[in-house]
Amino acid sequence: MTMLSVEKLSLHYGAAQALKGVTVSAAIGEVTCVLGRNGVGKTSLLRAISGQRPISGGTIRFDGRDISRLKPFERAELGIAYVPQGREIFPLLTVRENLETGFAPLKSKERRIPDEIFELFPGLRTMLGRRGGDLSGGQQQQLAIGRALVTKPRLLVLDEPTEGIQPSIIKDIGRAIAYLRQRKDMAILLVEQYFDFARDLADRFVVMERGEIVQHGDRSALEGGDVRQRLAI
Amino acid sequence: MRKQSVFDRQSIVVLSLLAATAVLVPVLNVSVPPGSPFHVSDHLIPLLGKYLSFALLALSVDLIWGFCGILSLGHGAFFALGGYAMGMYLMRQIGPRGVYADPILPDFMVFLNWKELPWFWHGFDWFPFAALMALAVPGCLAFVFGWLAFRSRVTGVYLSIITQAMTFALMLAFFRNDMGFGGNNGLTDFKDILGLPIQSGFTRIVLFVLSAAALAGGYMLCRWVVNSKLGKVLVAIRDAESRTRFLGYRVENYKLAVFTLSAMLAGVAGALYVPQVGIINPGEFAPANSIEAVVWVAVGGRGTLAGAILGALVVNAGKTWFTGALPEFWLFVLGGLFVFVTLLMPRGILGAAKDLWEQGKRVRSGLRRDAVPFAAE
Amino acid sequence: QDTIKVGILHSLSGTMAISETTLKDVMLMLIDEQNKKGGLLGKKLEAVVVDPASNWPLFAEKARELISKDQVAAVFGCWTSVSRKSVLPVFKELNSILFYPVQYEGEESERNVFYTGAAPNQQAIPAVDYLAKEEKVERWVLAGTDYVYPRTTNKILEAYLKSKGVKPEDIMINYTPFGHSDWQTIVADIKKFGSAGKKTAVISTINGDANVPFYKELANQGVKATDIPVVAFSVGEEELAGIDTKPLVGHLAAWNYFQSVETPENKAFIEKWKTFTKNDKRVTNDPMEAHVIGFNMWVKAVEKAGATDPDKVIDAIVGVQVPNLTGGVSEMLPNHHITKPVLIGEIKDDGQFDVVWNTDGLVPGDAWSKFLDGSKDLVADWKTLKCGNYNTVTKKCGA
Amino acid sequence: MINLRDFLRTLLLLVFTTSGAFAGPYEDALPKFAADSYSDTEAAIGTVAASGHPLSLPLVEALRDGRLLASAGQVFIREPSGGLINAATGQAFGPVPADLKPVRLNNRVRRAIEAAMGGLTLLSSGAAARREAARAVFRSRDAAALRTIEQAIAREADPDLKLALQAARASILLGNEAASTADRLWAVETLRERGDQDALALLSSLPAGTQPEIVEPADRAADSIRSRLALWSALQNVWYGVSLGSVLLLAAIGLSITFGTMGVINMAHGEMVMLGAYTTFVVQEIIRTHVPSLFGASLFIALPLAFVVTGGVGVLIERTVIRFLYGRPLETLLATWGLSLILQQAVRTIFGPMNREVGTPAWMSGALELGGLSLTYNRMAIVLFAFAAFGTLLLVMKYTSLGLYMRAVTQNRRMAGSIGIRTNRIDALAFGLGSGVAGIAGVALSQIDNVSPNLGQGYIIDSFMVVVFGGVGNLWGTLVGAMTLGVANKLLEPYAGAVLGKILLLVAIILFIQRRPRGLFALKGRAVEA
Amino acid sequence: MTEPVTPTLLYLDNVTVSFDGFKALNALSLALDHTEMRAIIGPNGAGKTTMMDVITGKTRPNQGTVLFEGKHDLTSLDEAEIAELGIGRKFQTPTVFDMHSIEDNLLLALKGERGPFSALLSRHTNQESERIDALLERVRLTAHRQRRAGELSHGQKQWLEIGMLLAQEPKLLLVDEPAAGMTDQETADTADLLRDIAKTRSVVVVEHDMTFVRELDVKVTCLHEGSVLAEGPLDAVSANERVIEVYLGR
């Protein structure tokens, strides 16, 4: 079932246009991967979906409903969770408090930190009392994913989650995403540069160039070399 | 690579406006008959002169705040120190014309039974010395203060607050009659400056023109600084101080240099201010005065030297006008202006004007982005 | 021009607004009243109000504006000494007239200024005499805000007390900054100083805002007037309106006028004031009376001179007599100060003063104090000597 | 007790009136009250008090309370109940003379009354009255009371009161040339034990020419008291410091939220404090005119109201101005400066520029004497209140989700929105909370400072100083900062004077910041240093 | 002082850094020769960035020796002094001057006098322009030269920062995760670039991307919990059981 469908989305930074009529969708139980080189607009797309930047054209539908005018927190309440590029954890809150901020969109009886987060990232459990800002880059990335999961999302939006992560944890994250996918209760939109990682996970993919979607397809298309080729130009 | 000289478009506009004022105002004062609508009346001359010295103060604040991110809430102290240096000179010029007719001691000293001139008053009867002190005292204070603060990497609000503490402490100190600066009453009742009677129309005009010249000079100096590579380093420091360090720049030296320069400019402003308003007293050290100077800059547009000048002129002219026209409500108007400017003109009056201009231009010539590094947070 | 403009130069904002706004109101009332009486020289009076915002240089600027731009015939204004000092050169330069209504430190007499408030000899010295005689005070605390008025007054008092045989160890002098608000230590010190077995009193020249916390602290620490009376020179009805005076009953103030003075003139004045302000809780105070006197003197002088021209008014006004509100007749002296009665009042629990002592006649104000080295040889006389600081020893005017 | 007294009085009056009016010292003194001369009144009080006349106590009480009326040489007492009796005969009086005026008082007269009351009430049945009397006699050292006091000592059962009475006796004996050396030495000893400032005053001001055998022990006793007092006065200074610190803390904690946590350079903070103080004024005005009996509770009523009023104003300001300025902290300085001008002038326009009277409820006046310490109740109340406010705020910030969200929002507003925090509501609430806390600080400060439009201006600089000195963003820092500055100020003041002390403190702050560029409780770690 | 006989450029011995009791570096020792490139790997939080912080003067070690060129004690110098000795750094999260144009970012980084007065009087030379042009070309930002750095995407900022590092012409380059957020092709590019640089200078690279590390083909040090866990050629290190356990995963 399609959870998210983005149509003809465009976005401007001042006078510069970063997205030009992008159309993407994400379905429950699937991982949709956004690929593309630096500066093509991947992050901008996710910012538009999460509501951090206003869009200048097109629509964003979530669960059938047009959310393009909603505030970020309203989207979060609907079940969109965002793991941004650069982690953006709350530096002066402890790890536990960082996770607890994820309670905000939840009803009060749902407010507990699911154990599966610590199963996915065992390191976090030992760091609960430390301040988020003091963690190393990779640790922060784990925290950011954990925090997103606390909100019990139906759409998980991840911006380069493997950046700066040690190989074993990349594998863990891969497993985590695979696990979340097989739970079949959320759609996952993943921006990724690390091609092998994307290939292993993606059910479907799109490739962006200069703010536009230039190619899309399903898992099988990734196996061939042409997408990789395309990214390498 | 864009070539940036001191005489870019903004400078030319500012300098020609200043030159025009410096010429027109005296001319309109002297040669237009009082009845005419173009006549600039006598009482406006020192008033305009005062605005110009405030503008110079605003310029000095903008130099460090707008371009180096140092928010000084104590710049009034440098202004006042410059003013006191000038005031001391003017005091010594009174000579035996004081009420007690003491040839050496200013009235307030006679009055407090001082028997001789304190050591720090010596030399101030000689103008060049006083002028030097108007530069050197604020400069030295800024140097010492800055040396301490920047070396230990005091930044942000911490720096702002200690500058405020500095001016507050100075205010309390100058209020003390035992300090030898006339206490709360300060220095006043001046008679003449460089042999010219201070109240004559001619002296007033000379002072006015000097203020305009000083402002123009100060502006060019600041322009030169901010357009040079030094200016780029300052902006870099403002935006990412520690990154600048990792490139090998000694941030503290840069800050110290501009801070001192800025304090000296403020000192000059103070020295020009005193003969035109006729009094200097510890009230000038009041933290609120320093905050006001910052407010002028913000109103005009931070990080654009011309904006600082504009802000100082607009706010002060508004103040003069409204304290007379709406004595009971002028605070509403002024307060409202500040709120209005912040909300609707985030980059100050000049910024808003520029935006309008840019918009117009974009409409006219398609889309082109302005790459001039511009101040924002 | 069919109106005569009168400038009102009192702060309506900033720290001094507390005191000065009332003076602006009283001036508006007087002008209004004069207009009802038919104006002056057949013309209506017109008030020009500006707000110098408790900012001293701004006083000078506004004075200049009033005189040059608005062409006022006279200015009534200023409260603090520094504001007066700031405008002085302007009045001299532009040759206009200032009426200054507040008690001050003296040591000044200018041709263009008329001092309708008390000089130190019209307030401080009688108060000390009263305490020494009536309350048998032997030990003195001179507490003041650190600025010229308290400094001078205290100097004069110190010299005066010493001349009366008070030992230096029986005088304690204390200065505090403007707006001082934490008086715990100082009040405790006063208590300590006062418990040495000798009757002690405090002479307070504490200014403005600092008074309320000072009196509140006195009340807190239980310093009663029967133990250590405090006599103040800057606390009047207006200031007391902000304090619960029950614990302060018996503390004193020395002025030339109190609202509680029972004379027909005063009653009428209070009545007018309450009607004018449409508020029957508004109090009257000494500087207001000074403005009343000053204004009436000016009116008389203008009538006498037949013009508002400052030179003529300045010549005409010396010797002008007008009734004050305490039953006497005040006269403008050649030194531009006036004659006033000195009254000492004790604070009552309703925030008014009970006049417990007054001078028999009126005391002429001295421009120059006899108790200061620098000024004991100076006299001011704008009538015959045409000089504000004539030195009787060198027989020269100023320089 | 009252009944007993009234009964006795009527009894005495009965005896007195039946026995006829003999002219005695009492009756001779009466006309002096009508002379409208303070010295006559003073003399008359002495005579009346010593006369032993049954009406002397009611007469002196009436004089004290302004109920003694005089007209044309005759003196009347207005009973508290309203009836008028003739002071000479004690009989109710019919036709009231028209020009009846209260006998006027001044300090001298009040002192005489106090002394007289002391002598007259030493034997009174009420413990409080006796205590007061003992104190009065101690102060007046009125030799005439010696006999009565000895009687009183003999009868006194309460050990505490006995001590007070003995001290009073000692004060009389010590300077009394006529007393025996043994008595006077006893006096020295008793005073030494009392050991307070008053005792010291007595011991160190013996009349010239006193025998050395008394002067020497007196000097020794004085010395020992002096050294004891020095210790107490050091403690006292610390207390002053703590109480000043509490004032600073109160003024600053609201700011530690709006500025420390939210990063708004809130120049209008002082005006919030002022609004709180004015709320107190309004509450008290209403209570005064409508329900005076509630006056004691006025501050408790004012507290929540002030919180709501200023909090509301805060929310309003946040919604209309501040919210457009997040991410531009420096601009908040400009806008809030403008707002502070507007608020000041608004209050000036509405309430007038003068000070407004905010009264102190009875339970807050007076002082607790603790050894050599004197702790005034209102300062104690402020100290307790400051700590309570601090504690509450700390709990809110640390343990409620509001606190958590507030910190999250200020650390990264964009991300907080994306995680689902309603940023605009949290912003408004946070600013409202900070303003509300400033408002309740205003309630407390109205007790010790001017309630005028300038109130806030006096605290704004100190508040910023405290928050910054303590370390921005750290509530504990604000607490420690406020206390440190308060105590340091008060410890410096006795040596350097108020002005120099303050200058020194400012210089010390400047130098301290050099050592710790991020304040006392600096936030450390990567996040801050980046 | 005489020139050191050892070829060691950077020498860390027994360096310990602890934050409130937490040891980020634990008796770490490491030596780097002239013109050597060293790859540092290790789990998240192993102390790699902290090590760079110590070398560049951002963090003062609690104990231990850090010598540069055998004579400069880096623990007693501040950031600017260390930078002037010739140690340049690229940060893990790219930090550039957001308000300046790309070009000015590079200009500020260019090797040269660093004093305020020389900055005030400095004139823009052709040499400088050429150098900047070359750098822009190298980091593929020529098209963006006039844009403000703050507008760049994450990966573009990474490149700009590498450009700035090159502009400084340091003797020792510390490069923290240069390949993060780059495509595979760009990663390979970066590896080329670094290998090139390492011909004349010394380089320390931190990276988690094993493909990249392999391409560098240099000696690898694996840190764990603040100390060296393994050192040697990549193959040897990646075969190490402990390394697999704590870092590479199975």
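By letter and in written order, the chains are A, B, C, D and E; residue numbering begins at 1 in each of them.
To be clear about the criterion, contacts are C-beta pairs under 8 Å (C-beta built on N, C-alpha and C of every residue); 3 or more make two chains touch, one makes a residue touch a chain.
Composition by chain, UniProt nomenclature: A = Amino acid/amide ABC transporter ATP-binding protein 2 (HAAT family); B = Amino acid/amide ABC transporter membrane protein 2 (HAAT family); D = Amino acid/amide ABC transporter membrane protein 1 (HAAT family); E = Urea transport system ATP-binding protein.
Predicted model, so just to flag it, every value in this text is computed and none were measured.
In summary, the chains found to touch both chain D and chain E are A, B.
Averaging the CA coordinates per chain and comparing them to the mean over all protein CA atoms picks out B as nearest. C-beta contact counts were set side by side for B-E and B-C; B-C has more.
Centre to centre, using the average C-alpha position, chain A and chain C are separated by 75 Å.
For the pair chain A and chain B, the distance between mean C-alpha positions equals 52 Å.
As a whole-number value, the distance joining the C-alpha centres of chain A and chain E reads 29 Å.
Remark: chain A and chain D have CA centroids separated by 62 Å (rounded to whole angstrom). Counting partner chains per residue, chain B shows two or more touched chains at residues 172, 175-176, 242, 328, 331, 369, 376.
Shared interface positions of chain D, i.e. residues touching 2 or more other chains, are given as 344-345, 457, 499, 502, 525, 529-530. For chain A, the set of residues touching two or more other chains reads 16, 134.
Of all residues in chain A, only 13, 16, 37-40, 43, 85-86, 123, 130, 134-139, 141-142, 160, 163-172, 193-195, 228, 231-233 touch chain E in the complex they form. Chain contact summary for the complex, chain D toward chain C: residues 38, 104-108, 110-111, 114, 139, 197-198, 200-202, 204-205, 236-237, 240, 243-244, 247, 344-345, 348, 352-360, 365-367, 374, 376, 378-379, 447-454, 457-458, 489-490, 493-494, 497-499, 502.
Across the complex, chain E is touched by residues 1, 3, 224-225, 228-230, 232-233, 235-236, 238-240, 242-251, 253-254, 257-258, 369, 371, 373-376 of chain B.
Looking at the complex, you find that chain B touches chain D at residues 71, 145, 148-149, 151-155, 157-158, 161-162, 164-166, 168-169, 172-173, 175-176, 242, 287-288, 291, 294-295, 298-299, 302, 328-329, 331-332, 334-339, 341-343, 346, 376-377. By the touch criterion stated above, chain E contacts chain B in their complex at residues 56, 58, 78-80, 83-84, 88-89, 91, 95-101, 103-104, 107-109, 114-117, 119-122, 124, 129, 132, 146-148, 164, 168.
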